[in-house]
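Chain lettering (A, B and C) follows the sequence in which the chains are written, and residue indices restart at 1 in each chain.
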Amino acid sequence: MTSFTCDESVSLCEGNMMEVCGSTDSCLREFGCEQSLLSRPDGSASFVQGDTSVLAGVYGPAEVKVSKEIYDRATLEVLVQPKVGLPTVKERSQEQCVRETCEASLLLTLHPRSSLTLVLQVLHDDGSLLSCSLNAACMALMDAGLPMSCLFCGVTCAIDADGRIITDPTAAQEKESRALLTFAVDSTERKVLMSSTRGSFSVHELQQCIAVSQKASEKIFQFYRDSVRRRYSKTL
Amino acid sequence: MRRRRSRRRVNACEAGFPNSVEMFSRLKNKVGEVLLPGDEFCFDTDDTISLTESVKAEKVVCGPGLRRSGDRLVVCKSGVLRHKQPNVFWMDAQQKRYVPAKGETVIGIVTTKSGDVFKVDFGGSEQASLSYLAFEGATKRNRPNVQVGDLVFAQFLIANKDMEPELVCIDGSGRANGMGVFGAGGLLFMVSLGLVRRLLAPGSEIMSDLSQLFPCELVVGMNGRLWVKASSIQRTLIVSNLLQSCENMTATQRRELFKRVAQGAL
Amino acid sequence: MKDTLLSNCERDFLLKAIEEKKRLDGRQTYDYRKIKITFGTDYGCCYVDLGKTRVMAQVSCELVAPKENRPNEGIMFFNIELSPLASPIFEQGRQSELSVKLNRQLERCLRNSKCIDTESLCVVSGEKVWQIRVDVHMLNHDGNLMDAASIAAITALCHFRRPDIAVQGEEVTVYSPEERDPIALSIYHMPISVSFSFFQQGTYLLVDPCEREERVMDGLLMIAMNKHREICSVQSSGGIMLLKEQVLRCSKIASVKVSEITELISKALENDKKARKAGGRCGFAESLPQERITALKMDEMPVEVTDVTEQAYDIIQKTKEPPQTVPSPLVPAPGVGQVDQGQQNTWGLEEEEEEREDGVEEEAVMEVEQQKEEESKGNIVEISDSEEEEVIILHPETPDTLHKSSCHQQGSATSKKKHKK
């Protein structure tokens, strides 16, 4: 599925390369974040991207159930709470995506035999929900002061019918898109920690989306830095 | 397996880098700045290693939030980089959850009595054990009077991520040294660990501001628990609310608030 | 996760303070904490902050078949979700005693009080009615979840708009909000729950208890009432015996509180309506507090993507094509297809090759590495938890040193292999 179509797709993309460069409307919607807004969790953050918003809370390192105890590292549990009804398969798969990303960046071996619980409450879904969840999760983990080897952020790209890449799509744009790709990008080397895709796309488009995500991630990491700086501005 | 001798706290790791003079200045340049996990201090080791003359490596002590990874020093917590003479560096973060460290004093709640030990909740990931012999003057016959639900002020004898933490209420010479079971009265409340460290810092401004307000007893546990007792319930409440509101305030804002309280309450 | 034990010291202090008519946050006996109502982007979404307690309610609707005994009535469904976000003691997917109690009280407060006209929710009698579902999520637990949940639920119901429908014979058409304006529910009155906690066998009473007050209270009385002073439900729990006068006094206090809260809700609804009419942005994104030190917001910004296409092109150019060896299926027996079995295994060979490559690289750097190792051995002193005594410690090796040493081993092992060859 990959290699033998490579040449074809490249030549195909070369055709609209000009178009891509000329009319890419890649932009991130306005985004915002508030840290430690809840009193009970050890770390909490709400992240807003356009109208999409997610609230994240972290408990831990805390007491772990014997059945879930791991002798050499912390047990990380991620729960996604939908707005309406009970969690379904969709939420479960999101949980897994977020958990794997967090496990890659957290230094879990520093807190063996303890539990970390990350709860994500969807406040509003207007597209790019997974990337918003990832960003909220990262901010909450940072707020909880858990040791991390690097930060991460999520970027969603949609490829529409004309092959154009739209970053941070809204729900309407997601619906019209041919493919939807979400990447988690790490802060040190801009490597892809996790990817979740839907729909069909060529290798070239995949690489293009990764490159766009890496570009977009820089803005988000800068935002992380700005908001943490603002937070500590009074204790400098 | 290594053999070593040490006199300092846990959570610290010393790192000696071949050209640590350069690293030292790089670290020092960043003191007081906000850093995020993943930020690193890199040292180009390959071009400056001299094989003939022994490089005098200056040691750098890394506290919480800094980790050594190969020839790099990596930040793993978001916060402000702090420095203490001569060579101690650490990250100052505002977090809520306590992770025990040897030698630190905390306020714990006795949750169960089982055999020879009390189990103490100190807000960490597991309960600490406290032997009934670890009180001043305690013997097998003369057990300390501690009930479930009592508060104790104790010090960590063992605090290791792989072992059950152990608390004691005596110092090395068997003296209480201010530790032990709390008397009646007073109020227990929680603040962030960052605020606790600011309170305990030598010459803390918050403490001196507070002491000018009115006399009160204050016990500060490194685990974010504070215990306050003043002459009346009203005053105890005032002190607790003042300390909780100090979290995100500049010095001038705080002084303004304390002044208002002093005028209103006295 | 277990909750931390309440210490004797806190218990004694709280009771003593209540005797002196003092509360932890400086409130008076009959004061509510600050109530803040915000709305989400879509209809029927409402956030309520009651001091530090925070809940969210979301109303949704669906066309379903009615209940057999009530063919002309819509269905109301309430669900209070005690999310583990609110408190570590709440577990996901488990019906705790508290959640049953809260759900029951909310149903009695809102469904059994007949505050919503369920008959207007009927579409085709006996066949199709609207089911209105109210999900209440607890986001932060600092006491008095019930009052916060009841305010959030009734406000969300008032705010909710269901899609317009048209019935033609058997056919039901549901219009999207773009086609026809959605319709609000018809609500007769707004019941609001007010909680009273009792201490010392009912001697002392507090309105709107916070979490620590709830933990030392003897009993709880919840009165649901509307602004017309009609009591919709009364529930007493905790097993204290109350006098008639006490209950009457509570209902009087409740009537005052309810009228205040109703006023606040209608004001919030009106503000939201105005904002929506003006076409401005509304919802959670706009309610993000700007003045707080912990909050930051960025405006929409473009992402620089000029060199992205070339970059992607480069990557693809650089990557080698994977070998297009499709293992030829062997047919060991008629009717059985098998892929890649019984063929020669190439794994062991490849591994060795890789190792050799590693070894060459390793050797080149080995000298330097060794040098480093020696030097660093002398310099790294990881301080452990012994104080002024010599102790042999089983030192947990950091991943890095582990990696390094294993590399070395591999390197030396392969070099040995080479010698042999």
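Throughout what follows, a residue touches a chain if its C-beta (ideal position, glycine included) is under 8 Å from a C-beta of that chain, and two chains touch if they have at least 3 such contacts.
All values derive from a computational prediction rather than experimental measurement.
Asker: From the centre of chain C, which other chain's Cα mean sits the farthest off?
Answerer: B
Asker: Any chance you could check whether A-B or B-C wins on number of contacting C-beta pairs?
Answerer: If we tally the contacting C-beta pairs, B-C comes out ahead.
Asker: Taking every chain's C-alpha mean, which one sits closest to the mean of all protein C-alpha atoms?
Answerer: C
Asker: Report the inter-chain centroid distance for chain A and chain C in whole angstrom, where each centroid is the mean of the CA atoms.
Answerer: Distance between chain centres: 17 Å.
Asker: If you average the CA atoms of chain B and of chain C, how many Å lie between those two points?
Answerer: Between these chains, centre-to-centre, one finds 31 Å.
Asker: Can you list every residue of chain B that touches 2 or more other chains, as numbers and ranges?
Answerer: Residues 162, 248 of chain B each touch two or more of the other chains.
Asker: Going by the contact rule already set, what residues in chain C reach two or more other chains?
Answerer: Residue numbers touching two or more other chains: 293-294.
Asker: Which positions in chain A are in touch with at least two other chains?
Answerer: Chain A, residues with two or more chain partners: 36, 62-63, 115, 231, 234.
Asker: Tell me, which parts of chain B touch chain C in their complex?
Answerer: Against chain C, the touching part of chain B is residues 1-10, 12-18, 45-46, 49, 51, 55, 57, 59, 61, 68-71, 102-103, 109, 111, 121, 123, 147-151, 158-160, 162, 182, 184-188, 227, 233-234, 236-237, 240-241, 248.
Asker: Once bound in the complex, which stretches of chain C touch chain B?
Answerer: For this pair, the touching residues of chain C are 4-13, 16-17, 20, 22, 24-26, 293-294, 368, 371-372, 375-376, 378-396, 398, 400, 404.
Asker: Mind listing the chain C positions that touch chain A in their complex?
Answerer: Counting only chain C, the residues touching chain A are 1-2, 40-42, 45, 52, 54, 56, 58, 60, 79, 81, 83-88, 92-93, 133, 135, 137, 139-142, 283-285, 288-289, 292-306, 308-309, 311-313, 315-316, 321-322, 324, 399.
Asker: Okay, in this complex, where on chain A does chain B touch?
Answerer: 36, 42-43, 60-64, 105, 107, 110-115, 142-151, 186-188, 224-225, 228-229, 231-232, 234-236
Asker: Spell out the part of chain B that touches chain A in their complex, as residue ranges.
Answerer: Touch residues, chain B against chain A: 32, 34, 36-38, 40, 65, 67, 74, 76-80, 92-97, 99, 124-127, 161-162, 193-194, 198, 248-250.
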